[in-house]
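One structure is given below, encoded as structure tokens.
Chains: A, B and C, in written order; residue numbering restarts at 1 for each.
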Amino acid sequence: MIICLIFIFPSLCGAQKSIILATTTSTQDSGLLDVLIPVFEKKTGYFVKTIAVGSGQAMAMGQKGEADVLLVHSPAAEKKFIAEGYGVNRRLVMHNDYIVVGPAEDPAKIKGMKVSTEAFKKIAGAGALFLSRGDNSGTHSKEKAIWKVSGIKPEGQKWYQETGLGMGQTLNVTSEKKGYTLADRGTYLALRKTLHLDILTKGDALLLNSYHVIEVNPAKWPKVNTTGAKAFVGFMVSKEAQEVTKTFGVDKFGSPLFFPDAGKKEEDLGK
Amino acid sequence: MNVPAPILEVDRLQVRKGGTLVLDIPSLRLEEGEILSLIGPNGAGKTTLLQALACLIKPSQGELFFKEKIVSSNHGLFQYRRKLAMVFQEPLLFDTTVFENVSSGLKIRGLKRAEIGKKVAENLERFGIPHLVHRSARKISGGEAQRVALARAFATQPEVLFLDEPFASLDPPTRESLIDDLERILRQTGTTTIFATHDRMEALRLSDRVAVMNRGRILQIGPPPEVMNQPLDEFVASFVGVETILTGRVSKKDKGSFLASVMGHEVEAVGEVELGETVVFCIRPENVTLSPSSPKGATSARNVFWGRITKIIPMGLFYKVQLDCGFPLVAYVTARSLEDLALVEGKEVAATFKATSIHVVQKKLVET
Amino acid sequence: MDLILEGILKAFYLLVTFDSEVMKITLLSLQVSGSATLISLLIGISIGTMVALAEFPGRRFVVSLINTGMGLPPVVVGLFVTIFLWRNGPLGFLGVLYTPTAMIIAQAIIATPIVMGITLAAIQALPKNLRLQILALGATRFQMVWILVKEAKLPLLAGVMAGFGGVISEVGASIMVGGNIKGYSRVLTTATVMETSRGNFDIAIALGIILLLLAYFINLILTNIQQRERPR
């Protein structure tokens, strides 16, 4: 009977002052939000429900009005999102980059290459195992863009495998199978200890990974918490948030995982 | 003189299962203090009748009266149920102690603990099992379990007791001892009882009236000797067995054999009896010999009676001859014998049967 | 191999130091799954007993529904509950999506058919005449059902353990309707998935071990109760 006492119904948290933030798994896995969100919550009293899914699903949630604000990194899809009237007030928050990683043996010999499309061509040419996330995430979209530019159609080829998994798990699979993959630097750094993968190609402008916050359009979905969304967007581009972003990860990984860009124009970005 | 009202009465009772009529009782009366037994083959409707009378199943039509008041699902059903008790072939005890089991009917009625304790002790004593009071119901024998079931039933002091073949799953010695005890208790408490059984001897021993059932109907109902000796039809006859059943009082006894007075005639039989004791004789027709005149010379048969043939019934390979010797008697004869002896209805013949061929049933009645 | 050893050590460390995050997650797991099991107990045993004892047209259909429900894929339950609890869904006005309440609802939906099905089988397995015997003892309908349930308490307890086991270990629906929000709707299972995808295997294994220990202790208590009453 004592056991029953522990089973008290957990109380319903203030559903009034809460916002639903749809973001990507890689963003959450980096751990940045674990630091930023509490600051925001303390400051504004809002309760943030962080739902981490792939960029595709995050934007689908926005389209359905099931989220109040998005934090995603899939520019082409985002622009379409805005154009179709689902989102407003898209603001640049930060960026990091993607990298091409692979086994130390590097059978496709792409180490040190500076152009991602060339590296991809070589991987295809060698028929080396390449793992794709295959889940319409930001990373997946970027990967598809690179294949497109390099003029290669990898779908259906024997060496091209789609995991349908998040970034961390895809990296694990890639490491186990000694293949190549495209990853965001943040997740790679976080998992580096357990992976047997090296950074082989980086620095290409195409590999730039920019993060934006977008408010879900209240005109389309009156039920969204516009005030809350605005407060969040305001916070993410604020000096305070940007400072936290700048120093995040330095003590753990030796270099920052993200580079704050609030106020800058997208075209100005570069490393 | 006023005829006392029956404690239970049934009018045009019918039960249908899936469209088929499984019970059809135009009328039935049960007197207070009476013990009625229902006998019949499997599927005759004994269980259905018991459950309908106990209002555990709903009749498709007909009415039930308890102490002249009608009982139905919206009329006093619940109060009626609390005045009866039922014991089934399986003890159906609860997974707890004997005490908890026997007290369950009392707990259901909301009696106080002190009361319950008293009644439970009383009834455990009654059925000879006070030592089992704290035993788990799972750890007792079949006979003990049935005693617990009976104690549980009696604890609520029922006005009508229903027993559905309660001894059927017990082995003979256990059954014997339990029947003995139950008979004594029923007579002591005067509880009106209806019980269903396969065993004719049980019915014979315990009941005031016997009802023979088949296919949902009561074919014949009456005191055991009447039903057994004067079956109304072939089926009843074949079911009750065709022994002659006579009741007598021991008048003389001598070295293992005795004489009993049966309707004014002295019949000799063997057995250990007391003077004045009531005994029941069962005489199989095969053991009765007929002759046109008194057998001359010494025979070992001491029972020779003159009687008039009241009926001759052909039974295929032989004939059944019903006689009136001052008491009813049934004999079998072959077709040959029938011819040889020129047996016809109305003729006077001598009927003989050995003292050793009589099956004696000692009906133990409590001194009133 | 040493990864597992690391995990065990980490689990020990987290428990012994009463790591607040882990304590919160564990307590929430208990609360959510416990509440869901309690609900499934109440609904499952009452309806299961009713169906077991009643005769009505279409009963066989209802029984097969219950039996199918026992194998309901939790992930499918999660999907449907999400769709219902969405802002724009029929129950959106409740505003419970991404809360522990939604998790309790989903888990209760998963556990209830299990408890119901086992109750149904247990009550039906009682001797046929037992119900009549109890009525002949003068019991009211309610008293009769109560006594029958007590008689079936051994298999019924097994049903509760099955229900609890099914939901304490559930992850698909819990993530979907709960959102795995830190300090709020994160439970042992969802946290394990997250730590694995982050690559923090030691923490993931530790959480897994804690979950196993939790499930073991709860079942130990229930098993003790059940076996105490076992026929010897």
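The rule is short, and it goes like this: a contact is a pair of C-beta atoms (placed from the backbone, for glycine too) under 8 Å apart; a residue touches a chain by one contact, two chains touch by 3 or more.
Keep in mind the model is a prediction, meaning the values are calculated, not measured.
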item: Furthest chain, CA centroid comparison against subunit C; value: B
item: Identifier of the chain whose CA centre is least distant from the whole-structure CA centre; value: C
item: Subunit A and subunit C, separation of their C-alpha mean positions in angstrom; value: 35
item: Subunit A and subunit B: spacing of chain centres that average the CA atoms, whole Å; value: 89
item: Subunit B and subunit C, separation of their C-alpha mean positions in angstrom; value: 56
item: List of subunit A residues in touch with subunit C within their complex; value: 3-4, 6-10, 12-13, 15, 20, 25, 29, 31, 34, 47, 49-52, 64-66, 165-169, 171-172, 190-191, 193-195, 221, 223
item: Footprint of subunit C on subunit B - complex, ascending; value: 51, 54, 56, 78, 81-82, 84-86, 88, 90, 92, 94-95, 104-105, 108-109, 138-139, 152, 156, 162
item: Sites on subunit C touched by subunit A in the complex; value: 27-28, 30-32, 34-35, 37-38, 86-88, 92, 95-101, 104, 179-182, 184, 194, 196-199, 201, 218, 221
item: Subunit C residues within the subunit B interface of the complex; value: 127, 129-130, 132-133, 135-140, 143, 147, 150-151, 229, 231-232
